[in-house]
Each structure stands twice: as structure tokens, then as C-alpha cells.
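So that you can tell them apart, the chains are marked A, B, C and D in the order they are listed, and the count of residues begins at 1 in each.
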Amino acid sequence: MDQLDCNIPNIKKIPGQKLASKKSNNHQTIVDVQGIRIGGKSLVIIAGPCAVENKSQLLDTARLVSEYGAHILRGGAYKPRSSPYSFQGLEEEGLELLQLAKLETGMPVVTEVMDARQVALVGSNTDIFQIGSRNMSNYSLLREVGMTNKPVLLKRGMNATIDEFLWAAEYILHEGNDQVILCERGIRTFETAYRNTLDLNAIPMLKSLTHLPVIVDPSHGTGHRWMVGTMAKAAIAAGADGLIIEVHHQPDLALCDGDQSLYPEEFKKLMEELTILAPAVGRKIHDKATILS
Amino acid sequence: MDQLDCNIPNIKKIPGQKLASKKSNNHQTIVDVQGIRIGGKSLVIIAGPCAVENKSQLLDTARLVSEYGAHILRGGAYKPRSSPYSFQGLEEEGLELLQLAKLETGMPVVTEVMDARQVALVGSNTDIFQIGSRNMSNYSLLREVGMTNKPVLLKRGMNATIDEFLWAAEYILHEGNDQVILCERGIRTFETAYRNTLDLNAIPMLKSLTHLPVIVDPSHGTGHRWMVGTMAKAAIAAGADGLIIEVHHQPDLALCDGDQSLYPEEFKKLMEELTILAPAVGRKIHDKATILS
Amino acid sequence: MDQLDCNIPNIKKIPGQKLASKKSNNHQTIVDVQGIRIGGKSLVIIAGPCAVENKSQLLDTARLVSEYGAHILRGGAYKPRSSPYSFQGLEEEGLELLQLAKLETGMPVVTEVMDARQVALVGSNTDIFQIGSRNMSNYSLLREVGMTNKPVLLKRGMNATIDEFLWAAEYILHEGNDQVILCERGIRTFETAYRNTLDLNAIPMLKSLTHLPVIVDPSHGTGHRWMVGTMAKAAIAAGADGLIIEVHHQPDLALCDGDQSLYPEEFKKLMEELTILAPAVGRKIHDKATILS
Amino acid sequence: MDQLDCNIPNIKKIPGQKLASKKSNNHQTIVDVQGIRIGGKSLVIIAGPCAVENKSQLLDTARLVSEYGAHILRGGAYKPRSSPYSFQGLEEEGLELLQLAKLETGMPVVTEVMDARQVALVGSNTDIFQIGSRNMSNYSLLREVGMTNKPVLLKRGMNATIDEFLWAAEYILHEGNDQVILCERGIRTFETAYRNTLDLNAIPMLKSLTHLPVIVDPSHGTGHRWMVGTMAKAAIAAGADGLIIEVHHQPDLALCDGDQSLYPEEFKKLMEELTILAPAVGRKIHDKATILS
């Protein structure tokens, strides 16, 4: 029982008893999103803007990342912001634009849900729920997405230990939804040279403890556009099952996270580099043709 | 704009513009809970068990802490737990027991609300909403309690900077509720000798930046019963407006946080020590007689 | 055995075996510096500038802090600086000025030693060796001061756990010098509102584990002049045996740490406040008259 | 000027003025150790035991890592240990054994120096000085190795920011020795699942700021043997110029760091994997034949 927990003398946790725990070396969950299999040998790339801002921004970005090889489109309709005065997302209009982008590109979409009351609405407009870092310990929300049968991309809290991260996943699994993808996105440390400290150690550690797929967000993990490609490659070498990367058709005009969003051409170059790197660590990029067919 | 925020070029934050910001040296909000004024010269003591466990536990503890001088009763009906298999609180039954204890002792109560959908129900059974550390950045929940006119005790997130803590309060104030009490309860650091690292530096820093009252939770802040009294005194010397302390009539049998809960006699001794200490730093313990009269 | 240690299967550490460990509740070391007893009921106040800059700066500051009640004079002759281009101290000239100030005011002095090769020279010009935070794990230096019979003020490293801090003290004790004073001076955390995060939890924790005196440095611990007095009081309420405070006769002109140095009048006011506070927590300020007589 | 520094009003640091700073994109220092060029396109692998324990341990391990492709032998003769009661190294005997191993295998050696007084002795028995994490801010020691003309492998302090790390290197460069190799070896965070948190973000960040070579120590960075290979590969993908890896001929019997030391066969397998990985990120393993010829 971790330090956050109260102590109940008569309940004893048996190691390996968690639903999230790996039962054997080969025990591995594959989360299948319309034929895109996350957690297998093939690497899955999620890309798109931080926030859905307007139709042309989303569609232009979506078409480009799709053309360059992304499998799934990301884009925030509801944005958790430190300040109530910051842009909070287009909300329902953003969800509709995501559906439009999906229709245009054929890519499934992932978007964040921040409120248990919005799970039904968001769920009918996304292929994967994202639970953001700030909400990793929002147990009501975890339970609510756990009661759906839609995949959940769960981001590690900024100060969550590996143990707490797995317990958060357990809340979802415990409600019956085993389609959980874990996402390392940087922890908070004393270092201020980067926005967060992307913790790639978490990848082998999580892969050893759980059967759930593990992906990495080098955009939030570093906060610097010029670091994203390098850390993306390091994440794949460390064993990640995929990446979620912020790309914007015009990063300099982005309403949100422009400094860490790749230009489309940078994303293209990264995809080419990953295609070379993947086989060197026994992986390959998911074959996009198989999705659309 | 802090590192968590996206950048919107055309919105410029003017320092001092926040609703939470202090406008002058004398600017100080007093949160009045049935005549108990939090934020003034008098110190307010909140005490009670981590979780409401059953009728006799709550009533026995409540009577004792009231007798020894506590002004407000704490007790969790909904408990956020790292593991879904841990005791999650008595929920509605817990709320009813809190009302019973209030009736018996005359003390107002504070209890945690974890879900925006429970704000109405919890609100009709508590005098102060508590927002726990894990939910400090649950903006939907902050907004929901912001739309009520009931005081809110907002705990600092385990990895929240002072700046982020004040932005979280801003979400509540922005909805029109200015009855916010800030609570320092320990941050997460590399040190493992204590459950959290109670950060008393936050008290003078917050008092210099905001007009909101600031209290301290030395129970969660240390995790060790034997440290609670010492750190409670240090918190008062550092300028805290009050304390929230875990007390259990039988800590060894507690379902939750027994190791950090005071025995009633320890709480009595602490109240005596605080009564001596307060005048030495220009404060006094709130006069309990004035409440009940 | 802590995480920094290698593992030697056949050596088992027995708790309580450390020389630094408390053997009983009443086991308490008193470090006596010319009649000033550190570790007893009386609080000892060390004050003075960050660095010795010149004769008038040191003598003016020394006379003022002495007049206002300080017992021991601090001042750096050798300054560890992050950059080799920063002021590195007056070195030998600084040591001579400290001796002059001692002669003028009657106060014993404490100054930092950074290099094992300077232990003899510094030792012949100081009453207490200071080991700075950066050198807490410089074991050669710890051993060297351990081989003298002069008191050592050992500062906690910025990332040192309580356990590692006590092991560092053990290096000194193990060489035969048991005159060690521990000093909490702030740890490094994610919080950037203060220069360091003064960790007052360390005081009760250390007092429970070791018989060595524990003092606090609120100047480095906060980095802000206006926070020093508040945190000094909190430190005393938390059980510290004394304080080490930066005071400069003209902080705005200081070559070093001006932002955290008290004006002499602020130090005077703090001493008055401490004189009121101390009895409220069962302590008193060391009677200065007894020193000079 | 960083937070550790005092403030001297009339000295202004001009960005890019540091000797350690990169002057242009192509500015890159190559540290040449007997024909082994560290900092160029070729990757350099340093391997060997944590501590030199005895003749057969060192020679057996050295022969095996040499056979499997290591370029430089590591081995500690002086060991900084948290406890004075732990094994402190064979000292001079250890240095002699390193020279013997060098003679037998042809590999240059790197070993730690902990004390400025030992720089001459250690220097006459090593090809590269190692400055350990605990001594990164031991400026006397940095200056002393800066006055030699021998390469220095400088490890990042456990709580050192990137900025402070570069300032530590500056102390060496400032004395005239520009043969400095920086080594990321894990920082201290709240996470306890690993011994330290290997911070691979430091690699691209350092490579962008300085012309000095950057290598990675995945052994101390993780503390778990089974994570070393994975993180070694991630380090290379992140742009490291080399690795320093603990290997022991019998890790289960190691006096030091056995849990993080590779079995020789694991090291062999890692070298094979790195040989495949390196070209995928535009690098290659240094050709060993060119050294010995």
C-alpha cells in the first residue's frame, strides 16, 4: 500500500493481484482502435494539434500528419488550463470538428475528457478517451470511463510514482474496461531547463510490471520543439509502443503549446527517422495501408 | 503565465489582476463559518478523524475534540484512495453521521467533495467543502463549488507551485465564490523520512500574495503522529490562520491514517500548548464560547 | 543501507549502532564554544554577513549583531560559487578580519572550510568549522575536520535525505570529533518561489534520531529577506537549538546574498520577537552576559 | 547568474561567454584518449566494475569487456560511500591493479579522484580522471584537475541543474584543461522505483549548449541490471557520445553495486545491439582495431 493510502489492517494486498499486473513475460494487452493495434510489435503514432482551434487549422494539420504517416489524430476540445482566463477549448464545436477531420482523413481520434458528466458526449465523438495528467487521480472520472468500452489513454500525473500510475489504471480496469494505454509525459523535478522531465525509465519499468501498452508524449515531456524528435527516438529505443506528438500547421500562431508543436515538415522528417530506427530495435512503424483498407 | 499554460499572444496577464491577489497590505478576507472567523487575529482549529467510520467513532471523537477546544469538525465521507480496493468512505451515510455530530456538538463540519455531481448533495450536509490535493487541478470541480456560496477549503496539490495553487483558487473566485481557505498540506520531494514535506515557507509566501486565509494540515504534512504537535506549533509561528488536524478516539483501530492521527489526550495537550504559543506571535485561539452562544 | 551505497552482503547495519544515533530520550550533545552551549535549553544565535568583504563591513556588522544579541559571528572567507567568475572570498585576508572582529566584539566566529588542505589554516582562525551544503558529501574534508578537536557546523546537502545527512555527520564522529552541529538550510524541490525549500520537518526528525544539536539557516532556506524572520520563529517553534542568520550593515551593497541579508534593525526586531517566543516553547535565548563575563 | 550565486551588481554575465559554451553549431570538442576519440561520430564504450576488488576480479572483467568491444576500462580505487563503515576501495593497491589491467588489455583506464591531494598520485595511474556526482561542486578538486592536462570525466550532481553542471565544467576549463567529458548519471526525484532518474533530456540540452562530449551512465542512472541495456540504447538514440557501464565478472559477489552490474554475457549482447542501433541514428561504434594497432 503506498504512502497515499490509509491503512486497513485486515486487507492484505497480494503482489500480482492487480488487474493491471503482468501475469507472465508474454502477457501483453493489445488495444485495437479500428485495426490499429497498440501494444504489439508495430509502433503507433498519434499526432495533431494541442487544441482544436478552428476548421482550417484542424483539417490542414490532420491532412498533413496523415499524409506523413500518423495513424491517429489528437486534438483537445476541452483544455485544462492553469488559469481560468486562458483559452479553454472549443468544447462541443471542437468535438464536431474532430469528427469532420476523422471523416476527411480516415484517422480515428483521441481527445481529452475532463469531467465525468461529459463522458457520454465526448465518448460519442472520440475513438479514445484521453485522461490528462491533472486528472490522473480524479477517481470519479477514471471510474466513469471505466464503465465504457472505449479505449482510454491515461497520462501519468506530474508527480505520480509508477506505483500510483498503475493504481490509477486499476480504477479503470476494475470497472470492466481493460482497453487502457499508459502514457509517460514527463514528471516534475527541480530541473527548469525543460518544461517537464520526460522520464524514459518509466518505459522499461512499466513494461516489466504491466501488460498494458505504454506510449510517450515527448512534446509535453520536453516543452521544446527542437527536443521532440530526439526524445521521440529515445522513447522508441527505450521500448515505447507508440508516440503522441503535437503538430500544428502553423505553430507560431498556435493558441496553445506552440513552442512544443512540430512544424509539419519536422514531423515528416521524424517519421522518416523512426522508420529507419524502428527495425534497429526490433519494431516497425504500423503499416498505414492496413488501416484504410 | 506558468509552464502549464498554453501561450495566447494577445492576452496579457497584468500582475495583481487576479481576484486572489492581495490589493494592499491590509487586504484580508475573513471566511465566516457560523461566527467562526477564519483569517483574522484568532486561530481556528479544525479536528476530527480522517474518515467517518461509524456512529460511535465519529461522535466520541467529535465530543472529545470539541471539549478540548476544536472549533470545526472534520471527517471524510468520500475518500480518494490510491487503490480502488481500499476503503472508499461511508458516502451518504457518512454525510448523515456528520450532521448528527454537528447537532450533538454544535460544531460546523468540513468534508471532502470529489465529484462535481455530488456538490449539491455534499453541500446540503456540510458547512465547508474540502477539495483534496488530488483534485486541486480538477477544474470542473473547482468551478462547481465556485458556483455555490459555501466556503471552500482548498488543499495544495502535492506538486503544485504557489503560483498554480493561487490559480486553482482563482477558478473558484472567478465563479463568484470568494469564501476560499487555502491549506498547505505537504509537497512531494525526494525525502522519504516523512509522508510529505510540509512546506511552511508557503505560509508567509501566500500571505504576501493573497488576501485569502491560509491554514495548515500537519497530519498529512508529516504522516507521523509524534511530529504533528511540533509542526502545528511551527505553522502557527509561521503565521498560519488555523490548523486542520486528524484526531481519532482510537487511532490504532482507524480504518485510515491511523499513524498520523492524534490520540484525544495528545490533541488536548496540543491545544494547551497553542494557547501559550499564540500570544507570543500576536495571535490567540478563537474563543469557543462566542460560537456556541 | 541507503540507495547511494554499494551492497556488501556480509555487513549488516544494526539500527542505533551509529555514533550519531540517540541512545535514549535524554541523550543530547552540548557543543560548548567558549561558554556558549549549543544543544541545551538556551537558543544560540549566529549572525553576520554572507562573505567577509572588507574591514569596515565586517566590523560594523559584527558590532551591530553583537549589540542586538547575537552570540557568534558568521562570515565567509572562502566562498563556494557556482561560477568561477564570481567573487570567491577574501581568503586569508578574510580570516584575519574575522580574528579582528572577534577581538573587537568578543564573539567567537564560524567560517567555511572548503578544502582539506586548508583545515589547519582555517582552524587556527576560527572557533567553528562550517562545512557547506555543496561539500556535505566531500568525505575527505569531513574526515579532515573529524581529526581536529574543533566544533563543526555541518550543513545539509541540497538533496540529502535525513539518513544521508546523519551518515555525513558520522564521518566526522568516526574520526573522533563529536562536536558536530547539524544545520538545516533548505532542500531543492520543484518550487521556485523561494531559493530553497526550508525543511522544518527535519528538526523534529533529526532531534528524534540523533543527540547532536540542530540549528536552522532561514537565510539560505528562503532567499528572501522578508521571509527570514517568520521562518526563524517557525524554526524555533519546531524545536531548533539555534539559528544562523545573514545580516549585513548595508545589504543593498553586499557582494553576496544581499537579497536574503537582514538590515541590522531587522535583526534587532527579530531578536526581540525571539525573546518573546522562546519561553512559549520552553526555551530561552542564551544569556549573552554569561559569555563575556 | 543562478540561484546558488551571490549577486555582484557590477559583474554582468554575457550569454555565450562561458568557455563551455558552444560558439556555433559545428563547435565540438573531441577528447582523444590514446586514439579513442570521444565526441565524434563514433561511440565510445567504457566498461568495468564499480570498484577494483582484487587482481582476478579486475583482470577477468577487463579481459571480457575488452573482448566484447569496450574501449576504456573503468574501476574505482577510491570509493565515496555514504557510510564510513562501507568498503572504501583498495586505494593505492587499486591504482596498481588498474595499471596491470591496462597492460594486459591495452585499454586506457578511468578512475575516480575524490581529494585534491590525490590528484598527482591518481593522475600518474589513470588516463582519465573521474569526478563523481558527490564532488561535482567540490570546486577545489575541480580546479586541481583543471590544472593538469589529463581528460576529466565529470559526473552531474544528483541535484544539479544543467546550468550548474556547465558551471562546474567551467571551473576545470578555466584552469586551462579543456579535455572535459560530461556524464549524465541520473538525478534525484520523488520516484523510488529506480535508484536515480536517468535524465536523457540532458543529452540534447547539453549538446545544444556546449561543445563538450556527453556520455551516459545507465548503471547508476537506473540501479537495476535489467534496465541498463534498454536505457543504454535510449541514451544512444538521444544522441549520447558514449556510455559508461558497470560490468562485473561475478555480479552476485560484487562488493559494490552488484544489482546494477551486468554479467559479461549481458554486456556482450548489449554491444551487439548497439552495433545494430548506432547506424540507425547516424553513429557507429568506435572501431576497436584502430586503437590497438
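In the analysis below, a residue touches a chain if its C-beta (ideal position, glycine included) is under 8 Å from a C-beta of that chain, and two chains touch if they have at least 3 such contacts.
Since this is a predicted model, take the numbers as computed values, not measurements.
Counting hops only between chains that touch, subunit B reaches subunit D in a minimum of 1.
Taking the mean of C-alpha positions as each chain's centre, the chain lying farthest from the centre of subunit A is C.
Centre-to-centre, using mean CA coordinates, subunit A is 48 Å away from subunit C.
Centroids built from CA atoms put subunit B at 34 Å from subunit A. Taking each chain's centre as the average of its CA atoms, subunit A and subunit D sit 34 Å apart.
Counting only residues that touch two or more partner chains, subunit B has 159, 163, 188-190, 192. Per the touch definition, subunit A reaches subunit D in the complex via residues 159, 161-163, 187, 189-194, 197-201, 203-205, 208, 221-222, 226-227, 230-231, 233-239, 273, 276-277, 279-281.
On the side of subunit D, the complex with subunit C involves touching residues 1-8, 11, 13, 50-51, 79-87, 114-117, 134-135, 137-140, 157-159, 163-164, 167-168, 170-171, 174, 188, 195-196, 223, 254-259. On the subunit D side of its complex with subunit B, the touching residues are 188-190, 192.
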